[in-house]
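Letters A, B, C, D, E, F, G and H mark the chains as written, and numbering starts fresh at 1 in each.
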């Protein structure tokens, strides 16, 4: 279909042979990067820009390419400074300070089902916001339930019903990550656990929480990399939208 | 509802006060274990019996309690010897040698959607079978796609369409676990990765595969513990059944 | 006092100069070991026999020396085979199979206060029994509360009051060890956490539980070595008896 | 009692229904945090403010809430700059530079029993001071015995009697942490060991001291996280006050 | 031969005895370093200057010695600042900013065979450029194929033929390093894998990629240290020139 | 070509459509495995049978398939028992006890160039023999130079010339692996290092040798997994035959 | 000298040219090993036979070669079974069961100075005996001071004078290894520390003791590999004999 | 003796009772430190000042106390800034920039025997200088042999004789630390190995060199902590002076 349309455009002279050949490779060669223009077709979401280790010009270059494709754009791990510059360059985009994300052309949210994002403490909130902004950019509704760690477990029970009615629950915790097992034992939907690098001493930058979550005594828990709010939301979005699929 | 029925049975003299009190605690005290009789209500699936470190009498005791509750029963990590003894004791149950699982009263499978279970090599098959039996016991249809690791990537492409049409994909691999990233880049449904302890030297009993999967360059991947076929299938089943929920 | 009595016995000819000199060194030289005969005076409890890596003759030799001193005797990590042999040699002693302990001349228990010993699962029971036998040998009353892990947290709440009224709580858990943080958040007495080597894959023989417990988000938790039920009970006994001290 | 008083206040019109409902949840919702207002009832001590990763406004907000509850307030890991700002905002509070703690409304100390805080070296003193300020805020008397490491063991013997007469001993050491085992062999009260991140090379930021302490050949030792002076004092305070309980 | 010429020069009085003795030792003593002047004879390439941890004067001193020997000179890990200073001092040299290399007197490239340098992502390019500049300095032709990671595997297939026709392939990747196994399964020449420190969380500064590559399920892969573009190119150059040897 | 021949055979009725379709997939489906029948075309060598974790029937099944293709067959990690059974089943094959390899239809060796295989100690010989048999099966000439570790470095110098004249050198060492750096400093051809699991204590089953080799101060060294003699020989064979390619 | 004598023997026809050439290489080629016959000249002691991983015939072969050289022979890590076989073959040798060593032609001990070998516990004795037999074989006098660990530090003080008057002290300990630091703080001669694999849980087969010893707060301590009694004694012997050198 | 003289001084009224009591404790109480004034008697050398983590006033305070005792003073890990300030305060002291040491009242060197200090590379020189200054302060003669790593092993052979004639050899190396094994195989005196944190990637701040040295295939090697030049020189000085003892 896409390919046929492309070929018709060549036939009609709307597209040069060179441009068409480029499009058929499935990526856009920028020299410093090959932007994957088929990702939305294959993965449901377009290529995401991971901001760490890319300079402002590179990010602007990639956003410009993706913008033309009329797709939702998400750039993560964007510093305040770069965020402001992106907003200046693309005035219809939004920069989320706490989440460190830049968003353009987000998908309209669907109101029936939602993703619950739960944190153990206040310090886990930035990772939670990266997850929340990612999920919202991909068209999901989100409920934020923050600072309900097990040291004061009644705080969790006060919000339990909301968590139980989500399509999927993202639990974000540092230190020993015990909240994941408690939540996992109380819900009948998938739990995606995000260890954070919050803690000190033998926490080892989140390794302790990561190992704890992988060894959770509750079933139905799967785990993503340390501080990877984006990755958790990406999987959660796939799960939440599966519900709408059929 | 459940509780009201129980109270009515007390009122009618069908249930003694002692039995009712026991039931209201939500667990069944066996001395060596407290069997969680509310797990199906909370988690969608009843308590699973993890066979490692339990002796035959304990397993039979727990199965007996669960059997009365008319729920699907799954016991994992069951040796051949114990498996045969269980089959003798519960003749309507089935022991799966390769998967090392004992099953009784499985849920009838639903035929519309399915879970794809993909392995990199032949040695990953036992873990894959634990996942497959778990998923089937919980009423899911399963497609097995084994030995399609990236050293001969054309084997994967030959089966790609089947993988892409699953509700959720479980990828099982040892060594460096690269298959996960390749599959993750080619599907638009959630991928649950299971590292296996297959390999030698600096493989560290699956640690290398685990770390590789957590750091996958493909989005939409979440990870369970090493060799944890059961855990992957549990999450996958929750995801697959979410699709049917609404 | 002790020393004066000894010197008087020398004076009275009841004790030879050689024997007295030996006693004054504060240890009993067996060649393969120097038994610390002053430990009860210094530490409140006499020297304990760690059975691993000692042969039967050595253990019998050490028990014989300690028996003469009329002190409570505890030998830990004693295999069934050695246990039976010890019971044959010292018929007034008791061998505890599950705890793998041999006990002789235990202290009479004190009934007012008690130590609560709580486990997450059935597989943690052997470590719990080592703790329980140790605590009882040293004259403490013990309450055993087993298999109340967070995957079914209502089981914990059913026994919470008993836990809260203990002098000190020992929490024993493998896998991710989350039970420690939940209990720690619900009691106002010290919690001693014992990680167990129960689990598989990235559990690393208890390392995951150990790290989780050290990083517990609940205050008032301190930790002993993996599977060290004895050590936890030793500290707990000191704490419990401190209460009686004044 | 607390709840009855609250209800009476509602009856008397002293408290609005909204405020009462809030209080009954057991926490105070600040958006960025849910302050646990029942912790003193459950744990004996109110919620502590861990300063790392919280900004000044958040800390002031939490202190303000806790202050109203008339409870002792302790904020740990407070930088000099934040400490001075807190002292400006709450002039009746005290900032302890070396301990990096801010204290308000401390409990009056009890003079009969005391906690001994022992360090191996001069560099361990900041962790020791965090422990000392914590213990004093909670109403304990403290004896500081610093720089008595085993390289010059006569320094320890010179202060031994004072250590032996404490209710509980906190031993703080970096490098190999050998002091813990020596002290543990010489006292009949519980020892809480705090590894510090003092050292270099294969010290691994305190991991070596942590492992050494967990493997101490002396009984009666339990361990907290690296540099966790606060946690050790919290447990020690529970132990010391247990003595006063009866 | 070399030695004979040297001795003849002594005979002819062209070389003092002291200078000749120095040359016969096979190194040039600079006090802070002993420059190995026989390396080209032994290893095929002269001593390389590793810039990290050497100051500008030391680097200039070593370059000066090597320059006299008329050999190709390569200094790696050279900061921009030092690079500019070197270019000022040696105007016929070239500083490569991205590769962080300074080159003088490079070998003329040979055009028949080439080394393919392949990266998974944009962030791996600096390591790739260190490899490319090294290979070119030693007289090899290089093909750069960047950003063809497995998340969009069609980008790799678009360039596959070029990779397959190289003498040797260097594959550079961070995160999980899966590209190495995919390339290894598609070529019949040696693959040298370079893990990079690109990634976060449980990536551990490249350790995950390193372990993944060492455990690759594809044969024909060998591995160098993390970020060691130079080392990979050195081996690749030896392999490529072996082809020309006979 | 291959494909054309296949199609011609279909045309001529020599091959059924089903068989042809199977062949075109590029693998042979055995249920428990998908044998990669295109590997020789892609990688220069056919699929190798890794014996660990495969039972005798599976190995015989795979050998039977490969045998029909008239290709060299190598099965590694074959126990004595399986080795003897294979020799009984395939009488024209050879089982190498020390190398634990079974070989059938080896390639005729080429006499001009050779691979040097060097070990540090006597205990490294089994890994060396796996390398040697692999290299010989693939048609390479091998020189074995065993037990020349640096504790007696004159033994290495006695054989140095032979090592220097190889096309490629495989160095195999356990313990600290220092031999690799010494050899690397003395040759102008690529060195492939194989760490072995020989050693004890902090050797960590070869991890120390692996890390040492990755950090070698000599250039031109690349490394394979611990005890991976096969992998080293595979890479070395590719390098050695590259020399013959042109 | 040695070489001259050899050449004279050739001149006199006492030695064939072949034998002489062999001797000049400095090693004895056995196929499976190259025995270093110059080690005594270079290192002060002849080549030691490390028994692990060598079969009986190999050990007998090497002993036979060394025996002809009239040098002291030490074989370590010799099982009881091999030990008895060696004693049958070489009736003038001695097998030490506990030390697992076989000795032939030991050096006569020197009585003036001695090496002190100190252990923390009973379980460390086998490692201590390996050290003691090694030291005695090399002609040193040894004092054994066993089971003086810091849990009962008065046992150490009872033997302190003997330790202080040694030329060099070997301290052997498992668990946390604290004894090393205490001894190191009390003597003015070098201390060689041997960590043992005694302990459990987070002891990690001696890694905890190893790290503790490397980070000892006492100066003058150096460390050998885990359980390496032989290595400690080798260094200690060099130090003790240095004293006699002048 | 010392004590008698002290008591006589009290008798003569030269020393007050308070001062004498203080001196008899064996340490000097400074509040922030207890300076061990008996260390020279016990350990042969007085207490050393480890500068890291101590401020200038503390260092000056400790130097002032030690200066009065007329003993050699060594402060290590002293930054340039502190070094200059110390030199201003104590004009007869010397600050060694490269070694980062401050020295006062060094012992006169003894000229007969010497310590050889050998480094693998130029970057290891600062650690070597810390060792050299320490050894010289304690009255030893030192030979510096720098940059003789195994990548150019002829540089080592050029200086071998000097190394072989030392009383004890300190070998300092980063990366893989192979130089230690080569030197250990060529000398008949003790070798003390110092791993340095020089390297990158999988070097792990010296851990690779440390493990390599502990697993050296050469006997007679013992190891100190990473970058611990001081510790190596302390042990070496004890060994060197043992030679002079008798």
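Simple rule for what comes next: a residue touches a chain if its C-beta (ideal position, glycine included) is under 8 Å from a C-beta of that chain, and two chains touch if they have at least 3 such contacts.
Nothing here was measured: the structure is a model prediction, and the numbers come from that model.
J.: Counting a repeat as over half of the contact pairs in common, which of C-D, A-D or B-E repeats E-H?
T.: Most of the E-H contacts reappear at A-D.
J.: Report, in whole Å, the distance between the mean C-alpha point of subunit F and the mean C-alpha point of subunit G.
T.: Once rounded, the distance between the two centres reads 38 Å.
J.: If you average the CA atoms of subunit D and of subunit F, how far apart do the two points sit, in angstrom?
T.: 60
J.: Find the geometric centre of each of subunit E and subunit F from their Cα atoms only, then give the gap between the two centres in Å, rounded to an integer.
T.: 27
J.: Where in subunit F do residues touch at least two different other chains?
T.: Subunit F, residues with two or more chain partners: 151-152, 185-186, 201-203, 207, 210, 214-215, 219, 225.
J.: Touching pairs of chains, which are they?
T.: A-B, A-C, A-D, A-E, B-C, B-E, B-F, C-D, C-G, D-G, D-H, E-F, E-H, F-G, F-H, G-H
J.: Note which residues of subunit B are touching subunit E in the complex, please.
T.: 120-121, 149-153, 175-178, 180-182, 184-186, 199, 201-204, 207-209, 211-219
J.: Which positions of subunit B touch subunit F when the two form their complex?
T.: Residues 122-123, 125, 146-148, 151-152, 154-155, 158, 198, 200-203.
J.: For a test of understanding, state which residues of subunit B touch subunit C in their complex under the given definition.
T.: Going through subunit B, the ones touching subunit C are 25-27, 32-34, 36, 38-39, 47, 52-54, 58, 195, 197, 205-207, 210, 225-228.
J.: Write out the stretch or stretches of subunit A touching subunit B in their complex.
T.: Touch list, subunit A to subunit B: 42-45, 48, 112-113, 167-168, 185-190, 192, 210, 214-215, 219-225, 230-232, 234-235, 238-239, 242-246.
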